[in-house]
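Following this line, the structures themselves.
Note that chain A is present in both complexes that follow, paired respectively with chain B and with chain C.
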Partner chain A sequence: MAAIRTFVKNCQIINRNCAVLSPLVQKHGMSQYPSYYIEPVHKKEMQEDLIKSGEIQKLAHLPTKAARNDQSSSFRQDDLVNLFINYVMRNGEKVLARGLVEKAFENIKRIQLEKYHKCDDEEKKAKIELAPRVIFHQAVENCKPILALTPIKRGGVRYQVPVPITPKRSQFLSMKWLIEAAKEKDATMRFHYQLALELIDAANNKGRVVKRKQDLHKQCEANRAYAHYRWS
Partner chain B sequence: MLRHLNALVEPSVKYFQANNQWVSVLFTARVEAKTFSTSPQKPEPQLKKNVSKAMKAYLERAKEHDEFMKQQNVEFQIGKRHLANMMGENPDTFSQEDIDNAIQYLFPSGLFEKKARPFMRPPEEVFPQRKAAEFDETGRPYHFLFYTGKPNYYKLMHDIVDHINEAYKFEDTMIRKGIKPDPNLALDMSGFQWIDKESLEAELVETIGDKDYETFSTTMDRLYKLPYSYRSKDFLFKYRKPLMSHEKTYQAPKPQYDADGRAFITTYECLRKRARGHVTIRSPGTGKVTVNNQDLTYFAEVQSREQVSETVLIINNRDVYPFMEELIARPFSKKYDILKKYNMC
Partner chain C sequence: MIKSFASEYIFRRAYSVLQCTRFSTASQPITESKLQSFRSEENDPLKHTLDHVGQFYRIPEEEKNIFLYGGLPKSFEIQAKTFNETCLMIRRPSVDVINCLKLIDYTKPTVRFVIFGKKGSGKSLCLAHILHYAHKARYLIVHVPWVGNWMRRCKEISSSETREGYIDLNIDAAAWLVHFKSQNEHLLNNPEFQISQDYVWSKRETTPKGSPLSELVDHGVNRLKYASECVVGLAEEIKHLSRSGHCKTLVAIDGFNAFFYPHTRVFKEKKEVVPPNKVTLTEAFLSLTKFDWNNAAIVTTVDEIAIAEQDHKSHLPRYLLRKEGFEHMDPFIPIFVDNYSPKEFTSCMDYYRERKWVRYYPQQNEELALLSVNNPYNLMHLCASL
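Right after this comes the complex of A and B.
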């Protein structure tokens, strides 16, 4: 039953994507809004910044999109965390995804607190980061690759050519690898706990994800000779 | 000698003149004989109009259009008076708004396309405006830019450039005097944009291409950005259109008052997916939120709770006094399909 539902959903996704190929829609993908609509600004500080810089004059006369359900103007709101929750989410189960990420943050806090209380050295104690959000940001930052390999065909042979990647793609890869690493776990282990461990490791610049990034960089360095294939 | 001849001939001339006879020949001959000049006098040619058929047809059409418009105007004025009479209003003070209301009352229409509904408007708005005859019978055009094909458009472009050059000249004189431009006088066009292509075409009574419209836009931008553009304020303001502003387009509902004298607003039938609800906001309030006579814990999901409490946050963040209390009644269906919030910039 569930399988049939997912199959139907995938068909719908394919149908939707076919429409995207039409040039008219390609302009702004599957957005319901015309291209001149602007994103809403929730946080009060950001609004005040806009007022100070004078940007608000240009934006005040443009129509804004409706606020999304996961956006709020609370101080606990974090755009990167929301994005991460969306990447964790599968089959539209936002509640589950959000629960998992929140539990992961809770686990990070517990682990860090344990470390903090066990530590005797004052200097080391001060260096232990307790805030899960900070660790999360640090982890994502540390796992971002700079270059990636793309297959380029020359003379019938496919070479893996190192190419630079955009910051957005880099951030996406970082978060995707973190989630993939958290999924590679023992059957008895929980996902949210494994994710917490991965995040803490990545924030300290060690662990599986950072190794994956470094391996990729080594490969890029090794394939340096093919770099000019980018431009043929 | 001639004088005597004249005295003899004159009575008979007068008689024949009265009967429109061939006296004119005699007369002209007499006149010519009197004149003494060295240069030969050219006979005045009869004005024979060498108008080509195309020109004739064009002039005819232009005249026809003018007459047609006049006729339509007369009909419109009479029709307006009839309509006013029908509605029992004073025909002299019957405005366009009154006409629209009367037509809506007399011919109620449920058509979705508003432009397809019956209307009564002055003929200038209904019939596409055509230019008056652009050249005279000899074929000489009145407008000096007629041969560009779009005389009004290019005249407008010339005008903009004239204003730009004037601004440059003025700037030069100010620089020589050592005076800087006053930033307070600088024009602020942040809430405005240039009139759109259709309006410009209607004003110029000419069809212009997209490229021409772009050129117009960029040239106007260039003029507006100059430091002394405020001197051409009237010219610029003619071609600008205000952008929409949320405050002007959105009409806030009026608050009602309950038995305690507290103001409240209830929005009925708020919907999102399959959820339906009514939202009541009271003022002055306590910041408490009640959902279906329960606490905020009615929503098991944190996201839904965040969304509801955000309304309180927004209002408080904007330092709006007094605080608001919210009451949502009867949302049913999936609990996390919360009522969609439209932006509250």
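Right after this comes the complex of A and C.
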């Protein structure tokens, strides 16, 4: 009797979470896991937040997916950096991708430290950012476009219409442009060094990627007249 | 003993104060003395003792010239450029060797040291520290920065004219002579350093007996054809000079086991492998590492990296030196360079944080110690991307 009751309760919990998870299921249609499996929570602070808010009661008895190889509870863990490494990766060569991004961070540190030691002015010295991850976050933030152009066909003509984009798409475009800019380099230059230069420039709001974003925004501004084609 | 206990206590107090100031919410001005617990005030290797172990000391710019043509690993040189200073950690193996060098009886035959350890544990930098000490103590330095450069990445080959079946590495020999000259500039000016015999290079070229040693070196640098023979001759002259008491010599060779590894990357025409015993340069340094002379000390390093990757099976001297090498070097004093001790590890992390190479996060030391297994090279790699 008691067993049946707990079984029914579990089913209800699963059904409740099913509704929440169904858009996720549509996105990860090739996942080997059944739909009611939840993502693991690694960071200790997030676990403590769940305990405080009481959410952990709902999640504690749900089956959890296994942790991926690039996830850990360490402080070195950064979800944005992991995402970036995935975008750099080609043909599943994660080790190479991770190595390239780590070398890029090392190059950022070396370039910034050189500037730091050359600088005599105390004020300017304090402003030079030496942590590569901070620079990376700043660079991605500075390169995010707000609007994008989509082709919309009206009366046989394709118009480039400015359209708002979701934050996730914006972040994706920012990181993709950074990688593309790093690939546009001399044959003798290394990808990780070029990437470091692009990240530093983007963090200071200069450089090719920020220009590309600004060009896109100018184009959107120029095509303002077609904005109503979104709905007509 | 009491002195070392007191200094360790002071070190621990200073470190714990440093940790407290990091977590304190009040903005306290951190004074110079508290920050520098990992730095030693003693920049003179003549005065380094076991009390200084775990601390960093700075090599002044003038004395950095001994490493101009090699001696510091490439990754360390890049780090020194980034940090704007060349700082070596004072570690127990190098202090032990330096103490031995101070106490040896130089009238007895030469003492041989063999430094060994796992990959990346700090053997080359240990040798660099000893070299700095020798430079300060005015030894005549015979230093081979890395034998692997000759056996596995030689620049040019030519067959030797005077020795049947031997191979000369001209450019490498001449480069080494330039390195020798730059390291011993202040000693080669000494008029007492004279050659003991005639060297006839060809019908028209001779270096007569009684001419200064620097002339022999210059001849090798100018005439690449005779560079290797010059090195062999120079080795004999140095032994002669030490025996007669003109100078105290330190022979420092990094990657000594490469002289005994048969599968070199030195190829003759038709891609035949040349074993090291058929290379002229080997003879010079094997004669320098014998114990048939005195007033000298020999410090060598045996490293897995000096041989082919397929044979990286053990870091121990008997395996790396092989039968001929071991019989040549026996008896020697083995010096083991281990991974970082907890104190050395903390000191290294404090140094990286002070140089703004690594930003602090909670439990950083423990995490990196576990990931790097306290190996200095692994730690350097992990901290590179932090």
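Criterion: the second predicted complex is superposed on the first by the 204 of 232 C-alpha atoms of A that agree within 3 Å, B and C clash if a C-alpha of one lies under 4 Å from a C-alpha of the other, contacts with A are read in each partner's own complex, and residues count from 1 in each chain.
Keep in mind that, in the parts below, a contact is a pair of C-beta atoms (placed from the backbone, for glycine too) under 8 Å apart; a residue touches a chain by one contact, two chains touch by 3 or more.
None of these values were measured; they are calculated from a predicted model.
Taking chain A as the reference chain, the count of touched residues is higher for B when chain B and chain C are set side by side. By the touch criterion defined above, A:V41 reaches chain B but does not reach chain C. Look at A:L113: by the touch rule set out above, it reaches chain C but stays clear of chain B.
In the superposition on chain A, contact of A:F105 is made with chain C only, not with chain B. Of the two partner chains, neither chain B nor chain C is touched by A:W231. In the overlay built on the shared chain, the residue A:S74 is in contact with chain B and with chain C. In the superposition on chain A, contact is made by A:P63 with chain B only, not with chain C.
Overlap of the chain B and chain C interfaces on chain A: residues 74, 102. By the touch criterion given at the top, residues 40-41, 44, 57-58, 60-67, 69-70, 72-74, 94-95, 98, 102 of chain A touch chain B in their complex.
Note for the complex: chain B touches chain A at residues 190-191, 243-246, 301-303, 306-307, 309-310, 313-314, 317-318, 336, 338, 340-345.
Those residues of chain C lying in contact with chain A across their complex are 78, 82-84, 355-357, 359, 361-364, 367, 384-386. By the touch rule above, chain A contacts chain C in their complex via residues 74-76, 101-103, 105-106, 109-110, 113-114, 116-117, 130-132.
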